[in-house]
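Presented sequentially are two complexes of chain A, the first with chain B as partner and the second with chain C.
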Partner chain A sequence: MSQVGAGEHSPEVRSAGISLTGAPLWLGLFAMTWIFSSYGRDFSKALDARWIMKYPAGWRLPFKRDISDAMKWLVEDASFGLFTFKEFTRGIAWLIELPYDFVRAAVIDGFVVGVGSEASQIAPSLSWIAIIAVVVAIGRVAKDWRLAALVGGCFLYLAVFGQWDSAMVTLASVLISVPIGVAGGLLLGIGAYRWPLFDRILRPILDLMQTVPVFAYLVPILFLFGFGPVSALVATIIYAMPPMVRVTTLALQGVPTEIREFGAMVGCTRRQMMWKVLVPAAAPSLMVGVNQVIMLSLNMVIIASMIGAGGLGFEVLSSLRRLDIGAGLEAGIAIVVMAIALDRLSQAFAVRPTPTHDEIESLQKAGLVKRHPWSSTVLAVALVTGLVGLMLPAAQSYPASLTLTTGPFWADLVEFINVNFFDQFEAAKTFMLTYLLLPVKRFLLGIPWPWGVAIITLAGWRFGGWRLALLAGGLTLFIAANGLWGKAMTTVYLCGVSVLLASLIGIPLGVLSAENERANRIVSAVIDTLQTLPSFVYLIPVVMLFRVGDFSAMIAVVLYALAPAVRYAAHGIRGIEPQLIEAGIVSGCTRWQLLRKIKLPLALPEILLGLNQTIMLALSMLVITALVGTRDLGQEVYIALTKADSGRGIIAGLSVAAIAIILDRILAASARNARARLGLET
Partner chain B sequence: MKKSLSLIAALSAAVYLGPLTLTANAAENQDPIKLTLHDWTGQLLTTKIMGEVLKEGGYNVEYVTADYIAQFAGLKTGDLHVAMEIWETTGREAMDEAVATGSVENLGETGMLAVEEWWYPAYMKEVCPGLPDWKALNDCAEEFATPETAPNGRYLGAPVTWGGFDDERVEALEMDFEVIHAGTDAALFAELQSAYQRKAPIVLWVYAPHWAPFKFDGEWVEFPEYSKECYQDPSAGINPDMAYDCGKPRGPIWKVSWSGVKDKWPGAHKAIKAFHVENDEMGAMVTKVDLDGKDLDGVVKEWMDANKDRWSDWISK
Partner chain C sequence: MEKPVKLACRSVWKLYGPDVKNVMTQKSHSERHLELSGEQIRAAGLIGAVRAANVEIREGGIFVIMGLSGSGKSTLVRCLSRLIEPTAGEVLFEGRDLLSMPERELIEVRRRKMGMVFQQFALLPHLTVLQNVAFPLEVQGAGRAEREARAREVIELVGLKGRESYFPRELSGGQQQRVGIARSLAVEPDLWFLDEPFSALDPLIRREMQDEFLRLQSMLHKTIVFITHDFDEAIRLADRIAIMQDGEIIQTATPEELVLNPATDYVAEFTRHIPRAKILTARSVMTPSVMAGGPAPNVCAGEVEASDRIEAIAEKIEAANAPFRVMEAGEAIGSIDRQAVIDVLVGRDPVGREVSG
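Our next item is the complex of A and B:
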């Protein structure tokens, strides 16, 4: 969210931030915080003022109850006159379910008429061979045979490793949620581009959509849209849409003025201007948004399966529930593989050259089959395998006897490591706990809440002026006033330590991959996998090696949040003007000096943005870490989910969002200050 | 709209089920009966068995994946119809609350008994010979310590959402243990498996019916026996000042349904009420699926073939 959040505040605010370089001030404040944190408890006891350490229950705001009541009203009583609110949402659910059922029937279930015992199948689903033929053809059309082979290979993996049925269920939900997410995002983005007021209202809502953990709004969604795949689809769409909105607005703003003027010159109407000129011109950038929607939809697979989406996510969960690590990993990899296939395809479409005039003309002269060679081939394959499949089941569904599994290998590997290296792991863990995790935890949890609010407000003011101060202070107070101070601090501690480690590992990796192409390829493959592989897959082996506790949670967060630290650092270094580096070489810098004195300082703003993204990802992992038993806001959200308590979940979710927004705004402001200091921005 | 909705629901149900060639004998209402699936094998087995029996009775059945506690919201509104496993130990509170609204009906016991208690692997008996007595366990608390909890022992408890009052129990019985809560039961049993592979000390929350007590050799810790008074009245039990100074309750696993089921599908209502399976039978099936890697639907079919007399009795009632 930061890339977009940047540039929101006016320039005069920024100058206030840099005119005072207050290192001594911050040191002083830190020392004071330390003292408060160490002695706050004794102090509050001596004064007999417990409210200093613990926000008094009597002062709490009744938001939790209010939200739950509002939810109840919405579900039970709210009405538009002709129909109730619930009927309205159920209507939407019905609209989404129609195409979903159709797609599901096409890829896996087959078409059936009649009900239950009287049902008879009128047409089988596409056979596995036909579906592979479809994706291969799409790959060929989008780019070349290499891409076709890649996506074909990806789908073949699904068949060979016995993930086909689950994968097709997941594919069906992706095929529904992505178009809705893209279309919705496009429309909202266009709205934001056209009407600045709409943009201003939309921005904070998008921030919330991206930072409130999905679990927090699952309960209301279940109430309104009913149990089953549709609710999961709705949650996925809410989660995956925001990047599309942001990208659309940015892409439209980035269309060169010449194109716009050209449109005006040929006399486009407003509508023609938008759909015939601006949107096509922005298409390559828009595809970045589409790609994000696909990725985020696949990220949601696990959570969606918890509320009835089934598919690969359910496969992962149930495998790990019986501690079948290998099966969990295979299902997890299936999600990665699917992400790779869809990602490459969407990217290929983004850069696909448009056919020339001559090509179009020669095509129009050809016959129907010749004009659509790929569609015809695919149709033929579908028909043939469908018919053959009636007699030979292997042509319809991949035979179970030919599937492979690596399950035993992984179980043995984990057991081997566990039995032979547990003591070494334990020693490393104890060291980290004693010297890093526990001191930070004690420090943060010791801070009295009034002082915490004061410090955050001050930081907001120093970096971004009074508006940021007001925002940051208000949000911090919101957390305290809902009685979540302790859990919020545990959250900050866990995320803080993880972000620190992720940066310490990620930034050097980023620098390395910017300097060395081969390293770059390996590092990107690893971090891409880590981001799409559901974290639950590696969380369970981590628990086996490190036990339940903060340390296991931290490892999971670090692994997930590593990616942006690496990517932004690499991007920052690559983006440095070559003249500046040459100037360094000319003046006789060694490699090390070049890196330390020129490259790193110049890449600092990008690295800060990367840090920002790392924090956001770390916060979004909270709910997952709750699954290993941390006592933070993630756990609060999770408890609320299992107790179906809308108010509690939403408040805890908003608190997570509050932390994210405070850190995002402060970091974005300081990145801006850094850019200004370096003269990269005027 | 309503009509088309149910048509679609019916269509989609048909899609989920695939073709069936059965003579409908009961056929009260052709709308699908929605049974909820959760994420543990025992529940999947119970539900699928019930579903298959209902199909044999000519009903249309749809399986919906839903969260264990969150499903009550759906059961109240009639979005969902039947939940086959509500454990006395973890779901009682939510179930009572739902039944009190009048929209959810308790259909009685499944016949299975939920056991939840502290559990240790058999090899711990060598280190701590007095087991399974809880006092003996407490005497060797240090054997169960980890660097984070030393000198106290480490007890791995269930996810906080499951309740169980272990923090209170440790305090009331003045035990030298620290309660660490796992976040999910996957994490819980991952730790057990890890410790078991290394023969490392561990005491944790285990429940049955589950594959773990079948796969791993071990025993339940024996606490002072549970009584209602012990939980509610501080003066009862060993510790005169505190409640929870005893073991955990063992109780039935219940079946519940949306209260509309009774009128809409009276025959199915009776069949679900009649459903009865016992711990050992279920435990054996869970083991087949989770440990022997057998296909779940295959195990259900095996049971259906072997117990035709039993289940045909349920639907004919």
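Our next item is the complex of A and C:
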């Protein structure tokens, strides 16, 4: 990898007149780093200069305190004249809570008048049968009976295995945050499409929002909105909106020029152009964004159970805290089931063919009921079960006596594994810890911070010129200046080791699936499912088998971050010009030579992009693994969350973002260099 | 008597590149005039997509802008309709400056007076044929009944009656372009832009659509700006042709003048393979008479009109033993004989020299 962009070809290097280039330079630097890392401590002792190893407290920037003070001022004193900031956040909370309460009432709580003991129910919620009927009908409308059966089965699973109530709480949160996220994303995306200035302001904010770990913005939200479902919903909406903004802007830009010109030529006003021409023409691409919003919302609703969202995430969290393995796994599987159902449904809608003219014509001739067969059926089912439910409770809510629980089974299974395979697991764990994790950790943590800053600045300069050098150096210094150097290095170590493993597993898998159709089908199916799962779910089996610690965190991160390594490698290999491969075959390459000498070098830029994505996913997962006891920036954010310390959380979050940005820019620059070297880009 | 000018542009420029603004400020904007050579443009790091284009389009005629890809013809037509803002120059529509028109007025002009047909049809995928055709009227705020009635009329005009409720993706390419044509005609525009309307169609369908287009024009008499990269198509449809190369209009003329007097070798290269009989008229082939009154009727086999194409009259002249009188406005202005027709048919030019190639 070090060869990338380090060749003698890059012009700025030649002009800078550095004699040591390419591999020797990097080897030399690495050796020096190694020496510093090993002897830095002794060195600093000998010189009596502790500042070399530990960033002096006196030099720290007071960002943490400033941010905390600012937040405090916002909540306690800020006023916009007519109303205070507190009233403003209360207003938002009320606006979100209103529809949320309604949906919750509809799917689980029932409609109630009055408070506390005075409360009396005026209408029950939709019965479990009615809700299953709704999802089955949606599945049928979106695609076919097979999909209907799948999603119906998923929801039936939730009822039968006693996860219904928490699942409905989760569903209610998703149902509220998705429309808000989609509408907000659409409007922001339209704004960015329409006003280039707005786009320029929005873009870095979106970049930051996607790199700052989710926990980090849970902290200020918690501070502003308090513990409860509203905070969770606000966090979910903020988390799920950025992809929709991007998809919207891209989809609008992707509308064929001729369609836009047609709109102008028939004399559309700006508004007509947007809503009658561009948005409808971009609708199929927009649906991709909707699918993403749904999946991200689900992911975040689960995570946000920590700040009072309740639902399935809360079940997992509380059972993990009780070490109730069976219950945790059961709730985890419920999350998986729900994720699959929502994903398949929204994907089916995204690719749903619009009806042909005769289907529409025959519908128009039919009566009202016939025209809306699924709505009518669902309405009938809801009414009947609602009425029957008044007399027969089983029709209203799934009878508790009929629920199955797999909890003991899972608990026994995990216990069985732990008892019988303990030695093997332990051996693997110890091996990895001794020979990979700990040495890397010791090496990285030993690097004196001034040297670290220098090396990263140099790397930035080498790959992307002085601009990148300035950015990388500045961000590294920011981390050090906030006294987070050690924790940041722990993050880099965990992330680095996980990405290394994910690449070692993922890239060969990607190559394999590009070469072999059968392998491709299996690998794609697995990867697709892995990607659907909310990040939280990965923690459950890992903790059960390996308990808490760096090793467990690493495995969860590897699993979560595997997908892009596989996908980009496969995509890169498939994208190679067939003639080049034919040229290799004609020259008499063996399969191995073909792979090593033609395919891999040509796929390198794509593989680097995949690596980039892998790192981003790894970082975002790493923060969540703070729950299983790491000692890195994620833990810092998590602690800030439990203490509701906004400044601490935001600074730690920004530090994670800084690491992400440095790595992203350097890798993107080297991928660009690689592409330029291969002549794929001018 | 020439018809009034409907649309004209004077020294229209469209430059692309990083420093367009600098080049612009070197000249005062009020001049709306640039004098730049190809070398100067390249030296400034710019691309001259359209360079100093002058065009006059008269009412009721088919004006074809012909050029190969990259010659700037699509950019020019977009400057004429102000889909692209020209870098410099003037565009006059019915005597009004299109480029200084405020947005409201421009919208109004486009709604009432212009129609455009696109190469890739540009149909809205979520609307039926009827809704697509009615769309321009919907934008204007016409009521549903009114716009659908009008849409049905034009759909029938282009021969798609019965397909009103189809979606674009259920139609063939030729049918889709018929929808595009119907849609552009729904508002009864005075000025009709067609941007390579048949280029995306296969050759057989293309020919059928050209016939259809000529049929419509014989009924509607619109002022037409037609873009094509196909010289045969240009010859077939045009009243006047402007040939573009590297952003410049190198010759504007009738098809016949192009064939007879190509301005450059580039133009000659296009006209070389065009069957002359399809283009040349009796006038350009005849032997003009020196005396008034022309040859006496008794020595001639018959009469042809000066504007008749040789293709149409070749057979009867070739079959007769005597020359034909060539008539214009009731006056005989010359004669045309068998040898002249044969010369045209075998590709010798009218003076008798062998045409090279």
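Quick note on the criterion: the second predicted complex is superposed on the first by the 607 of 682 C-alpha atoms of A that agree within 3 Å, B and C clash if a C-alpha of one lies under 4 Å from a C-alpha of the other, contacts with A are read in each partner's own complex, and residues count from 1 in each chain.
Operating definition for what follows: a residue touches a chain if its C-beta (ideal position, glycine included) is under 8 Å from a C-beta of that chain, and two chains touch if they have at least 3 such contacts.
Since this is a predicted model, take the numbers as computed values, not measurements.
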item	value
Partner chain in contact with A:Cys268 - chain B first, chain C second, else both or neither	second
Which of chain B and chain C A:Leu233 touches, first, second, both or neither	neither
First (chain B), second (chain C), both or neither touched by A:Val112	first
Which of chain B and chain C A:Ala281 touches, first, second, both or neither	second
Chain B versus chain C as contact partner of A:Ile479, first or second or both or neither	neither
Touching partner for A:Pro256 - first (chain B), second (chain C), both, neither	second
Contacts of A:Leu433 with chain B and chain C, given as first, second, both or neither	first
First, second, both or neither for A:Ile540, with chain B first and chain C second	first
Greater residue coverage of chain A in the superposed arrangement, chain B or chain C	B
Intersection of chain A interface sets (partners chain B, chain C)	none
Residues of chain B defined as touching chain A within the complex	1, 4-5, 8, 10-24, 27, 30, 32, 34, 36, 39-41, 55, 58-61, 64-74, 79-80, 94, 146-148, 156, 159-161, 180-191, 193-194, 197-198, 200, 211, 289-290
Residues of chain C defined as touching chain A within the complex	78, 81, 83, 107-112, 114-116, 118-122, 124-128, 135-136, 138-140, 165-167, 170, 187, 193
Residues of chain A that touch chain C when the two form their complex	256, 258-259, 261-262, 264-269, 272, 276-277, 280-281, 283, 354, 356-357, 360-361
Interface residues, chain A side, partner chain B - complex	90-91, 94, 97-98, 101, 104-105, 109-121, 218-219, 222-223, 226-228, 305-310, 314, 317-318, 320-323, 415, 418-419, 422, 426, 430, 433, 536, 539-541, 543-545, 547-549, 625-630, 635, 638-639, 641-644
